[in-house]
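Chain nomenclature is as follows: A, B, C, D, E and F, assigned in order of appearance, with residue numbering initiated at 1 for each chain independently.
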């Protein structure tokens, strides 16, 4: 690992990020052809939070949040901080003081493959965090990592400037160059979904609406009458 | 596995299911002599949801929700969908479109040994789900499973038509034929519990109310006076 | 294990416990020089609960809550019950009847390295519980353990009478003799934190406020200009 | 749960069990159309052990091996003991004394959804065990369970008398009535496999041998030439 | 935590440790009335290793093995190093160089609630290690911990000088003052076990040898004749 | 995800890979400045296997090994197959037939973030595999993934052609362009280590050899004399 801070990064365009955020994680993930989704062990520390931003990335050491302090300076309005760790760790690397500092710079949220603390204050501030654990375990500031290099966070390789969308369903990452196309696909999907919802609500079966019966029969599905005699 | 859909199943009587639901999971579980409880990794995707219904069962493949679509057609008012999976999987096999479709058929909830998505919409709809994970991970429709065969879900073998009761304490399954007897036992237990609660609230010790002192002494329990000198 | 109940224990002073509770888990944990924190798998069974009390300890057997019944008698107002288990177990050893009994004795909460049930009632009662799992699984009363001996709970060795502070950030334990000193340190830390918060909110960087730049440079941190050419 | 011991059970025929054992777990599992496989957390306590037998089933309580003692009497030569537990538990319910007793009755192995101890002696005896954990944690004999009722073990519902095949690849269960058909299918599969192995060893690609190219193209697979320019 | 090294500790007598080691973990654990056993996630990094020694304890920080280097100096022949960590961590804090150093001081093994590396060399050296993980992840030397203070390791509170016995069945800890009594009890138990083994091998049932039938009947166990009609 | 197969990739030079393999995982990992190590849940399916090769990467779907069949054709002598999965999955995607096919093409091993089966045969063949699980669970061939695109495997982002070194200590990945420099650093480290080993074996303390005493004192480490009076 190069113990480096990369100072100027290219970011996904703000209006594209906004459109992706409006779609929500599940729709965006489908529009990405189902990649880029972080593992589901990342959970919001308070329910209902939502965030869409451009990634400033941090590679941290276990039990050490020094690089998060370093990363704050690199953040701009509309960014979301994404923290990976060189090894599995649940320590509380992030709390309300860091959230205060990030908010002062216009950062919209935090995604951290480690622990978070001060949950009550974060909820009160309305600062959304997705983490692997909630833990009061304090950290040191002793070993270098890196800022704005590609990091693996919860199973996804994140590049600085990628679009990151997070809500109750999880966290999804979209590459900077594909973001616009994904937004367009997602909007198309969403538009179609409303019509489907109405049909389903009226009692039309998905089997018919999606025309699945033929494929099921071809795959060998058999219907039998029960109940079996006892 | 027979890739089969069983079309007519015997269901636990609706009024028995209703009585079991009124008792709640913990009381029903005690009345079952402590069996039929699903593993505690199944959790409600939103707090406070409650459901009591008759099981329509699904055996699904990992990352594939085709059989859930098939199962919808087999559901009737008062059913609860129970989905087992042939292997451990956390993908989001279920979301708000399927919930819309199930609600149109009168289904009261979902229990799934896999993942669920669209949590925000499900909460807004008031459609209760107990799942192993929350995940936006999309699924394919490629491989057959089965509907209305016995399935193991979160450690419990569930037969089609069994009574399934779910709340914040978890999910419990009662066999169709034992359901009426369990309901009666649970109601008796519940009636007795209120008296116990009042005694305990007034300061009577469980040691005395349950007459435990003799058994404890016989088992060898010793009381000593502390604190130990330092 | 001595199957013993220790009847009189020395407790941390009530006003010290109160001061520690006012500080909250994360601040107290820092003031302890970062020890005494239970593992983060212990979570509140309902969000927002807070408790600060003196430990009455229980060593329970898996699937058996007999010793919790025994421990109730040893509790006084201001106590918090701390339950360790001789082996990993998630059974629902504790529910609303025991909570009713504890409340009647003035107990302020429960910390249990096992499962808890009747979550809905506990929330309604406002009785806070930190547990490893929520599970309706019933337990027997068949095998002795101990009350008011040192127990390991979620990775921390707890002595009877220790101060125990719990909130959304987790559970921390402070030795009876160090509690007063820890409270003083925590209050000092808290007082300083408000000033820091204001500075950070006004846009001052932690890098400058904590004077980290020199140490970072000395450790070898390098800043480079991106973005890298493609 | 009925606290019952069922004394005479129908068992899968011995020669069918033998044929299934000769095939091994992976081949049998494929011949079952991929069901009946226990979860992979069950592992042999010593590498290389293999067993094929008819299930005598036990439902045990956490931390309690009383029912295993009861089950020994119900075992006959060629049986394999299958132990499920009413809740997750890793205690060492089984050791070399019980293995000595089982061996005296001709039992060929143990499958236990809990812990096992005396690993060194078991290896020396050549008595194979598949368990969830290795643990010296001793157990009590205090609470009833059941023998020879259907039990869920590591995610599979096992009926008394079912064929159970176990080796380094895991544990698979075959229903008594399907066992003969599964053996026949497995033998056919195995016979074909040898030819495939020789072709693959000679360098024929599976893509060609299994004629996958057309289906892949139809599904949309695209081949591109790398490496990408830097 | 006091960042301290305690230089002279009282150790369990060497001949008592030797007797405990001869008994093995499972027998010692039973003789302790089933306490002091570490959690079963601690496993030997190579099968067949055995160790019995007096504890030199280390409290380490995540990702940091500085205190292990410090502890080496405090070790004497017959010691076993026991490493707890302030938070869950699987990094490879220990490898063959440290093992070489410990062996030069007569240390008989390592028990670590974290990771270990250089497994191949350790096996070749015959240096036994029980760890939570095998991991090549390197560590830093940046933050102080403590040596020869009580530490919680894999769920057990270990005092410096305690007897520690480890083999394929796990790791058990016996307090310095109880060690002699535990050894005597264990030897008595072991002597009795041989007779039991012979009886069981000859076909005597545990049900009869342990005289369990009356207690089972009293608890309500019922025998029924199967198989059930289909 | 582009469902694509990249046909010609740049590979790390064979002699550099060979040098890295001679160093072993732990030494290479240190020479990489401690990055590129896969998570320790990846374990060899048989002990003692070692492999060093150039990565051919596969992105597979849960329960589906179609892409592994596709990848075989892209392999050359000296390659190692690296399989990531779009979601957590333990199914046995790989067995002895695929190993036979890979061996026919000169592939030296497999690293798979999923399950593996036919362990007995693989050991007999001497074909080394590092996997997340051992499972006989069969897979389908129904959904496309990708070959020779970057994949995240056990927490590490792997590019096609990267050097991959695996042994009992785990699996480490080195970027193609850094491989030569890492090999040189590792060889230097290894050369120095032998001298250290001899010093430590002769009784020299690491505290002195690494000159740690001053830094420890500066950090505040205190030595006190025990044992504490009782």
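Operating definition for what follows: contacts are C-beta pairs under 8 Å (C-beta built on N, C-alpha and C of every residue); 3 or more make two chains touch, one makes a residue touch a chain.
The structure displayed is predicted, hence computed values, not measured ones.
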Problem set entry | Contact-graph distance - origin chain C, target chain F | 2
For this session: Go through C-E and B-F and name the pair with more C-beta contacts between its chains.
Result: B-F
Exercise. To bring chain A onto chain B by a C-alpha fit, how many degrees must it turn, rounded to the nearest 5?
Worked result: 120
Exercise. What is the distance in Å between the mean C-alpha positions of chain D and chain F?
Worked result: 30
Exercise. Among the residues of chain C, which are close enough to touch at least two other chains?
Worked result: 34, 86, 88, 90, 135, 137, 143
Seminar exercise, completed: Inter-chain touches occur between A-B, A-C, A-E, A-F, B-C, B-D, B-F, C-D, C-E, D-E, D-F, E-F
Seminar exercise, completed: In their shared complex, chain F is touched by residues of chain E numbered 2-10, 66, 69-70, 72-73, 90, 92, 95-98, 100-101, 103-105, 115, 117-120, 133-138, 141, 143-144, 148, 160-161
Problem set entry | Partner chain C, residues of chain B touching it in the complex | 24-26, 29-30, 34, 37, 40, 43, 48, 167-170, 172, 193, 196-197, 200-203, 205-207, 210, 212, 215-216, 219-228
Problem set entry | Complex contact set, residues of chain E against chain C | 1, 32-35, 39, 86, 88, 150, 152, 155-157
For this session: Over in the complex, which chain C residues touch chain D? Could you list them?
Result: 61-64, 86-91, 135, 137, 140, 142-143
